[in-house]
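Since the structure comes first, as structure tokens, the remarks are kept for the end.
Labels A, B, C, D and E are assigned to the chains in the order they are written; within every chain, residues are numbered from 1.
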Amino acid sequence: MKKMMNKHTIITIIVLILLYGSVQASILLETINPFYQLNLILICINIILAVSLNLINGFTGQFSIGHAGFMAIGAYTSAIMTVKLGQSFPLAILAGAVAAAIVGFLIGLPTLRLKGDYLAIATLGFGEIIKVLFVNFEYVGGASGFHGIPHITTWTWVFFIALFTVVFIRNFIDSSHGRACISIREDEIAAETMGINTTKYKVMAFTIGAFFAGTAGALFAHYFYILQPSNFGFLRSVDYLVMVVLGGLGSITGSILAAIALTILNAALQSVAELRMVIYSLLLIVIMIFRPQGLMGNKEFSLKMFKRLGRGEKHGSVGNR
Amino acid sequence: MALLAIGNLNMAFGGLNALTNFNLELNSGELVGLIGPNGAGKTTVFNILTGVYAPTAGTIIFNDENITGLKPYIITQRGIARTFQNIRLFSNLSVLDNVRIAYHPNVKYGVASAVTRIPSFHIEEDALTQKAIDFLKIFSLEDKMYEIAKNLPYGQQRRLEIARALATQPKLLLLDEPAAGMNPQETHDLMNLIKWIRSQFNLTILLIEHDMSLVMGACERMYVLDYGIVIAHGNPTEIKANPRVIEAYLGEEVPNAKNQ
Amino acid sequence: MEHMQIFFQQLINGISLGSIYALIALGYTMVYGIIKLINFAHGDIYMVGAYVGFFAITKLNMSFIPALVASMLFCALLGIVIERMAYKPLRNATRIAALITAIGVSLFLEYGGILIVSPQPRAFPDVFPMSKLTFFDGKVYMTNQQIVIFLVAIILMILLQYIVHRTKIGKAMRAVSYDQDAALLMGINVNTTISATFAIGSALAGAAGVLVGIYYTSISPLMGIIPGLKAFVAAVLGGIGSIPGAAVGGLLMGVIEAMVSGYWSSTLRDAVAFGILILILIIKPTGIFGKNIREKV
Amino acid sequence: MKLNKKIAFLLVLVLLTTIAAGCGGTKTEAPKEVLIGANFELSGNVATFGISIMNAMEMAITEINAQGGVLGLPLKMVKSDNKSDAAESTNVATKLITQDKVIALLGPVTSTNVLAAAPVAMQYKIPLLTPTGTAAKVTVGDDGKTKEYIFRNCFIDPFQGQVGANFAVNTLKAKTAALFIEKNSDYAKGLGEVFKANFTKLGGTIVSEEAFVTEDKDFRATLTKINATKPDVIYVPSYYEQDGLIAKQARELGYTNPILGADGWDSGKLLEIAGAVALQKVYFTNHYSAFSTDPKVSKFVNDYKTKFGSVPDALAALGYDSTYMIADAIKRAGAADPAKITAALATTKGFVGVTGTVTMDDKHNPIKSAVILSFDKDGNQIFVESVNP
Amino acid sequence: MLKINDINVYYGAIHAIKGISLEVKEGEIITLIGANGAGKSTILKTISGLLRSKTGDILFNNKSLHSMAAQDIVRSGICHIPEGRRIFANMSVLENLELGCFLQKDKAAIKKNMEHVFEKFPRLKERISQSAGTLSGGEQQMLAIGRGMMSRPKLMLLDEPSMGLAPLLVKEIFSIIKEINEAGTTILLVEQNANMALSIANYAYVLETGKIVLKGPTAELAESEDLKKAYLGG
């Protein structure tokens, strides 16, 4: 325990409290512009999605592009819980997350035998199938959408759940189980000869990733009043994939930074609609050509990096442990 | 009693017979070489032994248990470890993590403990890390602990791969061309290291190697494989004098060679 | 007898749609065969092809064949430019980086297209007078357009088969996709060959675009997304990397879709298409004509 | 594992929050223009409609400002793209209201997106006028109460569906009908349900109910299936791109009976897509006829043609009218005050637009007459009959 | 004809070729022998441009190959017949041969070359339209050599032509190599089968872990005890 309570931990906790408090206070005092508030909430939801997708794509090395599908399952399940079954919000979030995790498990079991592009395409297919099934599911409004979802998600909810997600995945990664996942990314055959049941850990990472995508879906559903299957298409999955790749595969802080940056970029470009997607796509191409490993590579962002850069050192192994 | 007994192993890829009636026995504590020209089927033996391929026919008895066709991770947990011809390290991870991953099957804490960071997690994780560090000391890699594996010099990468394999606590270690790409000095050091780990860890070792000085100098016995068939086995002196071996390696004697 | 007629009508509908899928799938399969990249932008090249055909016919008053050729040439050029600018720098990067670049190129073509030609659908002019062949006492129809699509698709596939098997560049393409190093040793310029592959694949997509314009009369900048994905499924179905596979996969895909729509529900059609994709991937990832490749340990 | 990486990230967040809080400060300068927010589908799958409406609205704004604007100030439209996505519609509405401080909102186009944006307008008490959101629940909550700040300027589905069913039974003498419904469109689904209810009530039989999705281009398979049931009329209440294709493909497959549609059929592109032959015996309900001799209509049609090169469709006409309606309400409110504008919108009476004379009822739905249009041999729209509510 | 000056080649971290220099004179057969992993194939790959040396230079007829594209190296008259044959198994025998003279535009010359190849390997002519993947190992090796001959190279780099072949076939292949050489093509031969290689070559270099440990005229080397040592260890 004493290992955890070092100076950095204490500073982190203080900063977190300050951050949460200052935003919460300004919400209560109505000094924060609701549009910024909305984007802060969106940032937190996107962080959950990006970090959880990074567990699958970045850390375990399994190429998935169906994350929006799991998000949809979480969103719809939680909305059914609150709207149709009259359950409480926490229970609804949990139900959404668990439902997404179960589907993730069921999908992961057969498909994770596939590799690389093939897996990517299979997950893309699953994402689309989930979407089509919701279109044909009249109980939740079918294609026209699920209306009348209460507006319950608040800054407090998203902040703490995002924090929980980041801490959960960071702690998972920094344990023997997490290292087992990473070893699969590095070399699946070598991982097996180290005695690691690769199927188990691939499915585990996939299930955990789906769990948090479902959580994010539940938060999303209860913020935007309405759900529509077309919200959870291929392009939305690509949005999160881009966050993960842009931030760096295997970098939690990278995903967080990319989620923040892309959410802000999206908000900023709203008024130049016609150009927005063109700028976005060009940005993607240029970044991939000049920095295919993403902004952070598989490194974690830390203040030490600045210090080292200041001293003109190379940051060979910063934070990578 | 033999630690490992391979009986009448056959392996066919498509129509090609990579191994034909391959038999091999290893006694506890032996250091045995498996040699032969390129494409003779040596690595195939390793791949079948570690479960990467399932054999077409034949049985593998290890430690009185039939392990034929088991999954690789289970075979590792039964006590067979290996290294690879073309080093397969977890190249973006630190040296320490490479070894810590090898300890994974022995880890007792679950995902929940890992995520919640309860005290027992820290206790076990610290113990595990300490064990890994101690291990690295044996291989004089402790000062490179936080180095990323792919940044190590080649010789050290080889050593790390062996260290990592040993960390799975095997009874039998399979080394696939450990000296490939090494200079004579490194090869010499490696030879000593192999001999030393055998006694230190009470190991049985099966070695594939092209560097004959290493094989001849280290192994008590050796099997020579050519076209998937064992053409000879015996001690180094016998092997060196065996005409079939010389032919397999140097080709048929051409009597009129000097007439050129 | 009624049922038989409906069945044949669905078969004709499916084959027409399938011919278009097949033409698009061929490009996917060729590009994947040679550089192992899922070229997500391929469906959008097909869209560009439709627009080039549209402008060639309406603004330059070309007739069908010249417009088709113009569209194919333009798309071939576009394919080369995309390959050189976006994909070539990433040839040694990770697959995921290449795939994201492809998605980027796809979005760029779609929304760049919206900027240039507006998102409004355009109505493709009638190139052929409406008439049709009828069978079974006039109960089963095949329209002019369907016949043209089918014929053009067949001709192009024969032409492709000829290029790939009889010409020098075709042989180079096959050699590079089989073994890049060995091809280098033959003195084959690998970069040129890859560009040629993109050019031919894109030209086929361009042709498919013009055919679709004639068939559906309506074209829009986002029209490439769905057929692009479906054609990819068709390519996987046939065995990605295999040219006959793409042709058969495309036709099969079209027929399956028509049957699902005709006998079940058209809203489940996409789910069935992707369901087939996943089943194929899990049961026989190499598709109908693909070959197995073992990972070397 | 060091946690300081997280500190850095949090610093960024704090920074962001500070900026956010800073920008949130109120501006107190005198207004130089009257701001209206436009929340439209400018990208994504229904961008076609959003951009079409946007064009007509910008034309209207230019005209209004040329005539001196409102309240002595120019009218300015702040446009934002909701990507044809419900969540983004909420997002955009929030931005327009809280960031740009608009006093009224126009859009979105589709009922779904209006439903997503409506709670935001309700929360901040800003009037929202959708030119085209036809679903009944857009302006009326689940509790049956009218949503105070939400208005529309189009028929609701029940009205148009009923007009269509009556026309099918009384004028076309249809006994059997097939429904071909766009599954992911509230508009089409709503119309389909109402048509079905009324058609059955009037003694007709629905022999086939099929669906498609917006992205579809090939309807032949389903049409073959519908054709086999031999309906007297097919009801296709969608938008012109699909409608045109459906008409064309249905005719190719040998279907010769009437096809009935709704206002989504109204577009200059329809003729190009379907061709005149396919449009014979096609009827649709609409807000107005672009070929009307009314000078107001012909001026609008001519101006639009000059500017954009095509005949304005019903969506464009509704967008154009909605802009004038908001301007009218602001003038009548006499102040750039959302509450007063809301009150003025609610009491709109006898507002004359290109789509007819509008009076707002107590459910915030416009009361206006519908027309039924068809096509002549060359594919030009012809007036069939006019129906009053 | 070919001069290699002190080249160093790396595979990632592995220093595969450590400062090797050698020379091939016109009309000769030069052989590189040595155990597996000694770096023989690496040298051939560096000559034909599949790999690039970090330092040092390779001169062919006094022209540096170092920064030449692989297809230009082929054009200058070097043909590399790689280890494991690397024939295009998905194509017919004829197509494989046609690819061998990919850069040749003169149809008559191609026809002549092909006749020449069929003269040497009548068995290929019998299987002309057969898919190359269905050939036996020996036939595949013949095809690989035949394919190489199609470009009429001045210098032929041959990598392990005896690999995986039965002894009788090995003899046949080697006699053909000798014939090709006698017809005027210079040959750089890499072989594990040292005795066989020594029997046809004029001069040999023995490699061990990326270095030349022994060199000399083949007649001398065949007698040398050191050779056996290099293979079977001391």
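The criterion applied here is as follows: a contact is a pair of C-beta atoms (placed from the backbone, for glycine too) under 8 Å apart; a residue touches a chain by one contact, two chains touch by 3 or more.
The structure displayed is predicted, hence computed values, not measured ones.
Asks: In this assembly, which chains make contact with chain A and also with chain E?
Replies: Chains that touch both chain A and chain E, as defined above, are B, C.
Asks: Averaging each chain's C-alpha atoms to get its centre, pick out the one most distant from chain B.
Replies: Greatest centre separation from chain B goes to chain D.
Asks: In terms of CA centroid distance, which chain is the most far removed from chain A?
Replies: Checked the centroid distances; the maximum from chain A is E.
Asks: Just give me the whole-number Å value for how far the CA centre of chain C lies from that of chain D.
Replies: Going by mean C-alpha positions, chain C sits 35 Å from chain D.
Asks: How many angstrom between the C-alpha centroids of chain D and chain B?
Replies: 71
Asks: Between chain A and chain B, what's the gap in Å when you average each chain's C-alpha atoms?
Replies: Whole-Å distance between the two chain centres: 40.
Asks: Roughly how far is chain B from chain C, going centre to centre by Cα mean, in whole Å?
Replies: Comparing mean C-alpha positions, chain C is 49 Å from chain B.
Asks: Spell out, as numbers or ranges, the residues of chain E touching 2 or more other chains.
Replies: In chain E, no residue touches two or more other chains.
Asks: Could you say which residues in chain D touch two or more other chains, in rising order?
Replies: 43, 45, 183, 213
Asks: Among the residues of chain C, which are close enough to touch at least two other chains?
Replies: 111, 114, 265, 267, 270, 297
Asks: With touch defined as at the start, can you tell me which chain C residues reach chain E in the complex?
Replies: Within the complex, chain C touches chain E at residues 168, 171-172, 174-175, 178-179, 181-189.
Asks: In the complex, go through chain A and note every residue touching chain D.
Replies: Residue list for chain A touching chain D: 8-9, 11-12, 15-16, 18-19, 22-23, 26, 31-40, 42-43, 135-136, 142-145, 147-148, 151, 166, 170, 174, 220, 223-231, 252-253, 256-257, 260, 264, 267, 270-271, 273-274, 276-277, 300-304, 319, 321.
Asks: Can you tell me which positions in chain D touch chain A when the two form their complex?
Replies: Spelled out, the residues of chain D in touch with chain A are 1-14, 16-17, 20-21, 23-24, 42-43, 45, 78-81, 84-87, 90-92, 94-95, 97-99, 111-112, 115-116, 118-119, 124, 135, 137, 142, 183-186, 189, 213.
Asks: Mind listing the chain B positions that touch chain A in their complex?
Replies: By the definition above, chain B touches chain A via 50-52, 71-73, 76-77, 81-82, 84, 88-94, 96-97, 100-105, 107, 109, 111, 114-117, 119, 121-122, 125-126, 128, 146-148, 151, 164-165, 168.
Asks: If you look only at chain C, which of its residues touch chain D in the complex?
Replies: Contacts found on chain C: 2, 6, 9-10, 13-14, 16-17, 111, 114, 118-123, 125-126, 130, 132, 138-139, 141, 143, 212, 216-218, 220, 222-223, 225-226, 257-263, 265-267, 270.
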